[in-house]
Amino acid sequence: MTTKVIKGGTVCTADRTWKADVLIEDETIKQIGEDLKGDEYIDAEGAYVIPGGIDPHTHMEMPFMGTTAAETFETGTWAAACGGTTMLVDFCLPGPDGSIKNAINEWHRKSAPQICTDIGYHMAVTGWNETIFNEMKDAVEMGVNSFKHFMAYKGALMIEDDEMFASFKRCKELGALPMVHAENGDLVADMQAQMLEKGITGPEGHAYSRPPEFEGEAANRAITIADTAGVPLYIVHVSCEQAHEAIRRARQKGMRVYGEPLAQFLTLDESEYFNTDWDHAARRVMSPPFRNKEHQDSLWHGLQAGSLQVVATDHAAFSTEQKRMGLNDFTKIPNGSNGLEERLAVLWTRGVETGRLTPNEFVAVTSTNVAKILNIYPKKGAIVEGADADIVVWDPKITKTISASNHHSILDYNVFEGFEVTAQSRYTISRGEVIWAWGQNSQPQPGRGRFVPRPAFPSAHTALSKWKELTAPKQIHRDPMNIPAGI
Amino acid sequence: MTTKVIKGGTVCTADRTWKADVLIEDETIKQIGEDLKGDEYIDAEGAYVIPGGIDPHTHMEMPFMGTTAAETFETGTWAAACGGTTMLVDFCLPGPDGSIKNAINEWHRKSAPQICTDIGYHMAVTGWNETIFNEMKDAVEMGVNSFKHFMAYKGALMIEDDEMFASFKRCKELGALPMVHAENGDLVADMQAQMLEKGITGPEGHAYSRPPEFEGEAANRAITIADTAGVPLYIVHVSCEQAHEAIRRARQKGMRVYGEPLAQFLTLDESEYFNTDWDHAARRVMSPPFRNKEHQDSLWHGLQAGSLQVVATDHAAFSTEQKRMGLNDFTKIPNGSNGLEERLAVLWTRGVETGRLTPNEFVAVTSTNVAKILNIYPKKGAIVEGADADIVVWDPKITKTISASNHHSILDYNVFEGFEVTAQSRYTISRGEVIWAWGQNSQPQPGRGRFVPRPAFPSAHTALSKWKELTAPKQIHRDPMNIPAGI
Amino acid sequence: MTTKVIKGGTVCTADRTWKADVLIEDETIKQIGEDLKGDEYIDAEGAYVIPGGIDPHTHMEMPFMGTTAAETFETGTWAAACGGTTMLVDFCLPGPDGSIKNAINEWHRKSAPQICTDIGYHMAVTGWNETIFNEMKDAVEMGVNSFKHFMAYKGALMIEDDEMFASFKRCKELGALPMVHAENGDLVADMQAQMLEKGITGPEGHAYSRPPEFEGEAANRAITIADTAGVPLYIVHVSCEQAHEAIRRARQKGMRVYGEPLAQFLTLDESEYFNTDWDHAARRVMSPPFRNKEHQDSLWHGLQAGSLQVVATDHAAFSTEQKRMGLNDFTKIPNGSNGLEERLAVLWTRGVETGRLTPNEFVAVTSTNVAKILNIYPKKGAIVEGADADIVVWDPKITKTISASNHHSILDYNVFEGFEVTAQSRYTISRGEVIWAWGQNSQPQPGRGRFVPRPAFPSAHTALSKWKELTAPKQIHRDPMNIPAGI
Amino acid sequence: MTTKVIKGGTVCTADRTWKADVLIEDETIKQIGEDLKGDEYIDAEGAYVIPGGIDPHTHMEMPFMGTTAAETFETGTWAAACGGTTMLVDFCLPGPDGSIKNAINEWHRKSAPQICTDIGYHMAVTGWNETIFNEMKDAVEMGVNSFKHFMAYKGALMIEDDEMFASFKRCKELGALPMVHAENGDLVADMQAQMLEKGITGPEGHAYSRPPEFEGEAANRAITIADTAGVPLYIVHVSCEQAHEAIRRARQKGMRVYGEPLAQFLTLDESEYFNTDWDHAARRVMSPPFRNKEHQDSLWHGLQAGSLQVVATDHAAFSTEQKRMGLNDFTKIPNGSNGLEERLAVLWTRGVETGRLTPNEFVAVTSTNVAKILNIYPKKGAIVEGADADIVVWDPKITKTISASNHHSILDYNVFEGFEVTAQSRYTISRGEVIWAWGQNSQPQPGRGRFVPRPAFPSAHTALSKWKELTAPKQIHRDPMNIPAGI
């Protein structure tokens, strides 16, 4: 068993920053300290040594809107690795048979031979019946402890409120985490129709038909439902102040709600949809859409203040050709954008280099927080002894202009095209193995990644259940004399 | 045509207070000034002369929950008159045939021979189809310019979100005002079942199953839907900070949203449901339920600040015997409480006498504001020349202990039992006729009341439509060169 | 005594809009109704008949920053009249002797021979001692029921917090209304010095040194002090969300706080200070400065929601030559801008024509609300019988491009230069006299205006005092046995 | 060098919980893992192994209000140790010479021979002059990186706003953290006088004269000043929603503000001051005072949501005899209460056992967060290799009734008298030494504690400075042609 030492770097975790070497034995971190020795050395001079990024929101090869996301598990995990991300959590959708168990197995079948980094799944609950109720338990036993609910995509993935409530209650029993795509699907559908009627068929119609109020409303509704079910809630792709406000308000009542802005939402704005180049605009079509600068500020402040916890990408890559399915009707443009590979660099440049975030906060929102929320900390998201050696040597001196011409994603464009970033992964290490080395012609190794099962009942879940039990309604005991005899 | 002069009083309206006589000719106010002469005199020395109260939220003889509200149009309008209220707006429900037109006619049939004061209707929209779409126009033409939507009472009156949205859009076209009973009906239904399962069958289960969060959520949802439809919104029976917060938040975005706390919610709290006397508790069962002191403060502050505009009662009177239908199951207790007769006295005593409200604000929230919102101002809700002579000589020196033993409602109990109030109507004048004189053995005159048709398109409606049009989505014009040829 | 009839117009007040003629006898409104007859007729066909505007915040001939505001009482009231404003409330500053009484008399001496319209004063309290304490009572007896406090202008007008608190308590006793210029003067002074040190000497330094946070902080502080004193509070020239938020928050606690945005703040933004033409930028220098679009939206929404009540101008006109006193140092640019004449037209065009405000709300914020707050309603700010005939025939069909070349102010520029407005005063009537007629070469009549004394103790003051008394601290009565004997 | 192993426990830190032994060598943690061996064993079976508590707010032997706090450095640190707290940060006040350096040396002189645990200081800045400016740098070099400012105690410790601003700017330069006691001192002084005038001389007068609004106002003011200075801010003893609201609002704008509720504020309410036993009430007199249940909820929610970060005690112990100095005048009751010893047990019982907090959150708010804020993490506040072995074996099965009869403080009463707590420190370990063992008659070892110097420039400070620089005002460059020639 050869050992490796990451040498000379500055370890930066969610809670501190210090000079130390990191000794890796096999797949795990063996020791952190000064002057460590090993069989091999990985040079971290002048660089930070951070936990590998975790992108908790991706859609590889997802069948959606009549096509399939172009990014494969291989290209996706490879692009992630190049960008410093060592684990994805992908959304698993039930197939035509509606079975959760089968869907997870199908996802395994697709991902296992391809993945270059580790992976986990969130399971989508897109309807409600006894089989789903039962199979949610199977999912948890298979290591999937989070369930996604779409409040939008009416007529497709959208779930009704009472079904969602049933699912949330089931999550509570199972110690699982419900998640929502929060947009009011009824209103979106109606607005889409209105736009088309008015002759607004271009990508701007996408933005118009999904205003921030729809997202805020749905977030607020999901929060109330989760609070009633007595379970924490994770709101994916928070794009706007309205949803953020709902989250803050809930948290200030003691509710356990998490919010996930995307790297795109922090840095790109709605003017993209008004671009007069159709392809440019269509490539940015995703739901919710990009918002304006005020919303961006709100999201940054949420990350600073702790009212938002995680930065993800919702990476769902559709090629320009696929996007053109909606040439005459924006509602047919497959929803999704890229970001998997750029997330860390963009966040570092726009966040840490500006002073909006400390380096520790950067680590927290790119890996540690979500590892805790998903209950795989400190196996992932940490640099501590015993943890998986998912580590990135993060070089704050490598500058790069983001471009489709130099990215590793399968996509033929990049929504961050032209962004100047000032940091890159010098080495990406996945369970002890260097899978990416800057400038050294690294190649993907499909199939080396593993599925990471996640246990149920994280501490917030348990605490919340305790509080709910303590404050549960109590019967009033009435003397029979004070109860009328009946009629 | 004899003339009457209200003599020696202090006229108090929503905008000012001054010493003046009021000359009434026939049914209208002819003149306001000093030393007026007439054929008869009504003594107002030492008293305020205020616009007759308007209670915009009552349910006379309403068929509901397997029974019919005990208060008749006669007893209800009579009790109202005794308490200083000269107009009710009652909720009209469609009958089995679902027809709006027929329902209005049925309401006319029931109310016309009975009413002692004037009346108007709000029309309930409890489902959606083409007939309803069409008949909403008929309703407006028949003088009903407001439509109520129940977001609760699942399986009964409750309407689905997309139906409600359709109805709101129809209101926008018609210049009508949508109203909502804001509670999340799915969650209420589930919580009711949970309470019963736990063996909580008493009235406390009613309070537990309808927490403030459910009301806030529904209010927020309705607001978003109204904003999308581009129409003002009126939220009935606001009981809590959560709904009030949603209203405030909306108003601070320029939305036109109104909120109506009830006299009960301002003065009675949830401990009533924990009373060990079952009858006591059951008699207070209404939806939403009474809340605690913090919520009361929120509502008072809303009235002061203008974020809430109207005080109503949701008077829906079920006898103790009717209440006992739910002896073994609180969900079967007919929902409703009294207040029609006590509203002004309670609000004066707890509001004006404490300094929470000025006398002008008292008038605003008991008549003027709702008259404006319902577009019948200044015919009603005003003391100006030409207005209907609906006037109360309000004596701030008459004290009384509220009690079922001395009230005029048909009900066998009173939720304000034991309240000491410090003001009463000395004379209640309806379209020029003294229909109530304190201590003078006045008698009800059923059939003298009239239905008051209300025109569509109040100014807030028109202004909002203008703004929505101005800020409507605009198509982006793309050079054909920038649009791909398609695939 | 000749009578005049305003014929054929649509009367529009704060509470309603209707077709009616208005009969004027001498200086007052005699009758409002249909088909009125009189000796003379004023044509109001196609126009609104509204209460004359009241601008509650002006500085005529004010000695300030080493110079004197160029606008005289004559030119100022004349410009006002041309723009539809029939009353100003000017800020009276104590002279070198510090006497309030003398200052009021001095203001009378200056204004009486010049004013073309009616006028009132707010008295500035710029320090604290027994004489001021005593003379505040004199001021109230002289008809000045409001006292202004500067929280900024350190070393000049600024008052310390404890002095301000003493003055507020005095206001409470006297039934007077305290007002504040809310900016943190210490921080402003320091930031000004910092800007100059950095070499930022141009007008942009003015904006930088007075950020919204300084205004919000001061507003919040003044509110707390007023609440402790138990007196309502009026915050002048509210420019930003921060101050507005403090006001809203206070109002939602039942505090009686009023906020006054300016016409400039609603329509002009901070980019003006970054204009590369020094004169352009300097002419817009006022305190607080213009803010960005988000703040504008906040102010508009406040007017709609009722959390802000009054639109004023803080008209303090310094000529370009005077502005150039600060050529090398922005802190020496005399603070002030124009607006007196443009207020109504700008607010109508940007407010009513867009649907942000109803016509009634326009009247409320331009005259009625402030008349109520200052306790001169309905003498001013109303169209009711008995009121002063201060009336404007407001023509929504006259368009005009605002320009220094066509305005009536003495100023050599106009901060609204180039604004297209769509309404103008067809006739301005002051106490029954037509003092301005559009296109008819009207001339100023200096000396015809009068000082309007204002009584103390408006209703909000009285109500608040009652509430404060009711909720005052109560002593705990302890049995002597439970009080130790002492040491 | 003997080694010790904490055996069989569950390590619980701010970020995770796991079964592990902890090996201590000399004063530091050497290793954390399974089955560790050492010379001695400390039994942690069935217990949590947590970082020793840090109480960042104490006043040992403080000269104040004409007397000196009764708790000595010996008794205080000993009581702390018994309760599971291994480090205090005490407030150092300048002596009559006003010198910061001398004060620190004096504090060393007093504390060094007495302290049983480690200690740090915050330095009070109670005025402003060049010496203070200079000596702040000395303080930082002496290891004191935080400066406290009293916005209350007028005529004594209170500092003026402009002085405080100067001090904050100095903190920014030095990388130090400003702290404030946030209450409006002017208003408090006035209210105290009012209470005495009214004859309210008892302890209830203390509560009445320090309402939550005064605290919120001061917090808001300090935040604005800190934001202007560009430095983070720490608000001590946050007792109420108003201050918490100001903090939240600031954090949501990207400001770096921390809030510290006290264990007392979370669990005791203002009714204590209305107790008819004078001694009972007087013993609870501290500033700010206890608040009501709503405020308690706000504070708990802040800890959950992360808008509040630290739980302290403001331990300032005055004996009953000392309290009686204010027998005839509550303003003479020395302000302060106890809590040092009870903090962890109370917070565990009321927080963790109820489900309000997770065990990890408990650790975060009792040690880790403040160690990070004060820049001594992970030397203190962590269980990681290399950290000081300040560790508590926390036994969640030891129940105890808090009482003056069994506490270790010098005080003759206990504000938590009668509280049932369900957890206690089984062993308290300070830098590797067991200084307290439950039930084993441990004795204080005065003089073994050490002063812990704290470095300047924590990461939040650095990030904020970067952002402030990036967003600093920029000069507008004007063509000389566009600048007038001057006058």
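Per-chain residue numbering starts at 1, and chain names A, B, C and D are given in the order in which the chains are listed.
Note that a contact is a pair of C-beta atoms (placed from the backbone, for glycine too) under 8 Å apart; a residue touches a chain by one contact, two chains touch by 3 or more.
Composition by chain, UniProt nomenclature: A, B, C, D = D-hydantoinase/dihydropyrimidinase.
This is a predicted model, so every value here is computed, not measured.
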>> Please identify the chain with the largest separation between its CA centroid and the CA centroid of subunit A.
In response: C
>> Just the number, please: Cα centre separation of subunit A and subunit B in whole Å.
In response: 46
>> Just the number, please: Cα centre separation of subunit A and subunit C in whole Å.
In response: 52
> What is the distance in Å between the mean C-alpha positions of subunit A and subunit D?
Replying inline: 37
> At which residue positions does subunit A touch at least two other chains?
Replying inline: none
> Among line, ring, star, complete and other, which best matches the way these chains touch?
Replying inline: ring
>> So in the complex, the part of subunit C that touches subunit D is made up of which residues?
In response: 161-162, 165, 184, 186-187, 190-191, 195, 198-200, 202, 204-205, 208, 213-214, 216-217, 220-221, 224-225, 227-228, 245, 249, 273-274, 276-279, 281, 320-321, 324-325, 327-328, 473, 475-479, 482-484, 486-487
> Which of the residues in subunit B end up touching subunit C in this complex?
Replying inline: 14-17, 32-33, 248, 251-254, 256, 297-298, 300-302, 304-307, 352-361, 368, 372, 377-378, 382, 384-386, 459-460, 462-470
